[in-house]
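Below are two complexes that have chain A in common, paired first with chain B and then with chain C.
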Partner chain A sequence: MRSALSSTFALFQKDLQSELRTRYALNALLMFVVTSVATILFALRSDQPSPSTLSGMYWVVVFFTAMSSLSRIFVSEEERGTTMTLQLVASPSVVYFGKLIFNAVLTISLTVAVTLLYTIVFSEYFIIKSSSIFFATVLLGSLGFAAAATIIAAIVAKANTRGTLYPVLSFPILIVLLMTVMNATTKALEGAPFSDALEDFQILAGYILVMTGGSFLLFDFVWKD
Partner chain B sequence: MIDFELTVNGLTKEFNRRSIFRDLSFTLAFNESLAITGRNGSGKSTLVKTLCGLLAPTRGKVEYRSGGTMLEIDDAKHKVGLVSPYLQLYDEFTGLENLLVLSNIRANGTSDHDRALHMLERFGLGSRQDDYVRTYSSGMKQRLKYCFALLHTPQALFLDEPTSNLDAEGIEIVKAVVREQRNAGFLVVATNDEQEAGWCQRRIDLG
Partner chain C sequence: MTYVKYGSIILITLVIVAGIGIPMSLEPAGFFEFPLIPGLEDKARNIFFHVPTAWTSVLAFLVGTFFGIRYLRTKNIEDDYKSVSAAGLGLLFCILATVTGALWARFNWGTFWNWDPRQTSIFILLLIYGAYFALRSAIESDEKRASLSAVYSIIAGLTVPFFVFVMPRMMAGLHPGARDDPSGKGPLMQSGMIAGNMRVFFYLSLLGFTLLFIWLLNLRIRAARLEHEHSRQQH
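Up next, the complex of A and B:
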């Protein structure tokens, strides 16, 4: 068990170091966040958006940014021809959890970046009145995104039409997560008490568990040819 | 003497109902070597991938045994070294980093730095160990693949097109590796070259 954890962490370190050097996902992520938030800013002009509109747009930015960057984790291995090298040195479970941790870190960084930009750009309207709900939503939402995105990325990496397949596959799988995090974020902006969002957190926790467990079982078949 | 052997029984591989090879059976034990020959597209590389556990067979079994005990394929992979044109290393890492990173993942978070340096020196990459692999020539990349394959002292060594892109000096190093491997485990060579096939005691011709 301990040795598998060490291998998983070594794989995560490899991906992190590789990403910092190649910026495969980081560049796409940053450009998408900046351009999409700027577009929303121009679209709204002087209109005063409601909390539900703001939370909806917040997660739309996260969703499409995640779609443009999270798939790279497996696609880059396929494109560089290093998939078989990884298959030779690591078991499927080590690869799955190593990539999942990397995607989780990337998604959390993404939500932090979007939150910071939103706070600066929409400083008048984007006021987090219930920070405990907001941070719990962002954390659970990011983990849910990462759990779903990792297995979808693994499936898509084996396909020929990678670019179009990823959002098409992701949307139906992520719709439950998106609706729940939008709902919880609206509550955070409206200043609802923490207990009001408990049901949302239960759904998010269940989603993460089911998605991670299911993906772990499925990954063996996806990873091996 | 190391008790490590490979047993192949009724091995068949098909892609979209096209048969690549059919009903292969053989055993490879310590000190033995096998050449896989055949024309282009006859399935040499596919057979090597299947033997290394990188491809699942359509039918049949590939079994590794150590000390009489059958190994799970993921455990057996830790005893396998592979040099092949379709196995790539990371361009964004240096030669030394590639060996240490992959060794870390394979060996549960630990790596043998001295062994990595020794392998790089042996294959003539010592002076370029801190250069990014993207700056390496194809021959240097092939040498680095040997360093990677031999880093964990494998008991089974699979060489697919073993001298591809190598110069005369590189080929001599490979011949020395082949001689050593015949005393350290077993060896499988997939090749079209008669001379390379002659390194092995036995041969399977895929046609």
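Up next, the complex of A and C:
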């Protein structure tokens, strides 16, 4: 019997490998980021976006891109009919944490892509003046995103209208997180000292703990048929 | 249940008649005159309807989540009827609270919607109810629908403390008792801010709406049970 930690990692590796083979999520994600940023550019034209507008737009792009790809992690298992096998070979908590790690990695790479693109296209306005706040926000925000999105993905995978249902179910859960990260990102762009954003980080850390803990306890009921 | 039914009818009728009928004056004399507060005036009467509907919608959410948790433990479909019936009523009262609140906001604060923290929270509560029913309509199997929607309502319930404790700190509000309110914690939490006779009718209204919720919940649970029986006989 392998330890839970190594099985979790094995499951993550399996998802990563199958993703790298097809690049289904990665390609869709990248195209989604490019198209939504292009739309924002068309909408803004020659306007000068303020830090709060930019941080809002940043997370809008992250939210909708994440909504287009994070549910795949469970939906693909249902579509390929591999759910039963996974139920046999791994315990629910191993499955949950394996999928959570994969979604967290995917969200972090997504924020990296959006950040790079923003620094290129909004080179005059999107200037990260306080990088410590920015990196902490993006990291904690991605983890919180992944925590909430993973359990909702598990729920949605069992329903019929998956594509449209996913953002509908996720938005009310994510709204606290979105408001907090937008707030903190604005502070990072305005160059506030790190202590100013400490309260936001406490909220984010609390959110991650509550969501991960709650999902971990409830995952059994979703996963087992 | 008969007591609950007639109790709610009598109390709510009394509150409607008294709440709208009792005159207001700047210097109230006796029990049958409400104080007239400049700037608030007759709009203050809305407190008898707006606050109790908001209270009932939160109560319904808690009841729905409670029976959701019980369903996950017992797997008894009866608990799912209770949970979904409470959620349906919660949505109804949530809409009523939003509408009465928006009207009050229009005539007291100038616009129907200001994104005050409590308006934001009730908007999110509406979204949660909407998502809950969207999820239920997308699952065919009864057991699966019951357990998945129970899990969703618990997950949604986990974010509620953030709205109650976090949001008011992040932004200033217009409701009494918000962060920058100089008068303190709001009229319901503090004594002396609401006239004694209004307080009496307010609590009667709270009780009346709670009884109304219990009565309607009972009706809906019985209807759900009958519907289930009916569909089982057809198969």
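As a working rule, the second predicted complex is superposed on the first by the 223 of 225 C-alpha atoms of A that agree within 3 Å, B and C clash if a C-alpha of one lies under 4 Å from a C-alpha of the other, contacts with A are read in each partner's own complex, and residues count from 1 in each chain.
Note that in this section a contact is a pair of C-beta atoms (placed from the backbone, for glycine too) under 8 Å apart; a residue touches a chain by one contact, two chains touch by 3 or more.
From a predicted model like this one, the values you see are computed outputs, not experimental measurements.
Enquirer: With everything superposed onto chain A, say whether chain B and chain C fit together or clash.
Expert: Verdict on chain A: chain B and chain C fit.
Enquirer: Answer with first, second, both or neither: which of chain B and chain C does A:Phe135 touch in the superposed model?
Expert: After superposing on A, A:Phe135 lies clear of both chain B and chain C.
Enquirer: Taking the superposition as given, does A:Leu11 touch the first partner, chain B, the second, chain C, both, or neither?
Expert: First partner only.
Enquirer: Touching A:Phe216 in the superposition: chain B (first), chain C (second), both, neither?
Expert: neither
Enquirer: Looking at the overlay, what does A:Met84 touch: chain B (first), chain C (second), both, or neither?
Expert: So A:Met84 only meets chain B here.
Enquirer: Just to be sure I read the superposition right, which of the two partners does A:Phe64 touch: chain B = first, chain C = second, or both, or neither?
Expert: Neither chain B nor chain C is touched by A:Phe64.
Enquirer: Could you tell me if A:Thr22 is touching chain B, chain C, both of them or neither one (first, second, both, neither)?
Expert: A:Thr22: touches chain B, not chain C.
Enquirer: Here's one for you: vertex at chain A, rays to chain B and chain C, all C-alpha centres; what's the angle to the nearest 10 degrees?
Expert: 100
Enquirer: Applying the touch criterion given at the start, work out whether A:Phe201 contacts chain B, chain C, both or neither, answering first, second, both or neither.
Expert: It touches nothing on chain B or chain C.
Enquirer: Should A:Ser3 be classified as contacting the first partner (chain B), the second (chain C), both, or neither?
Expert: So A:Ser3 only meets chain B here.
Enquirer: Which value in Å is the smallest Cα separation between chain B and chain C when the structures are fitted on chain A?
Expert: Result, nearest C-alpha distance in the overlay: 5 Å.
Enquirer: Across the two complexes, find the residues of chain A that touch chain B and also touch chain C.
Expert: On chain A, the residues that contact chain B in one structure and chain C in the other are 225.
Enquirer: Could you list, by residue number, the parts of chain B that touch chain A in their complex?
Expert: Residue positions touching the partner: 49, 52-56, 74, 77, 80, 82, 84, 86-93, 101-102, 104-106, 108-110, 148.
Enquirer: Using the touch definition from the top, list the residues of chain A that touch chain B in their complex.
Expert: Its residues touching chain B are 2-4, 6-7, 9-11, 13-14, 17-18, 21-22, 80-82, 84-92, 94, 224-225.
Enquirer: Write out the stretch or stretches of chain C touching chain A in their complex.
Expert: Those in contact with chain A are residues 72, 124, 127-128, 130-131, 134-135, 138-140, 144, 147-148, 150-152, 154-156, 158-159, 161-163, 166-167, 169-170.
Enquirer: Per the contact definition, I'd like the list of chain A residues that touch chain C in the complex.
Expert: 148, 151-152, 155, 158-161, 165, 168-169, 171-173, 175-176, 179-180, 183, 199, 203, 206-207, 210-211, 214-215, 218, 221-222, 225
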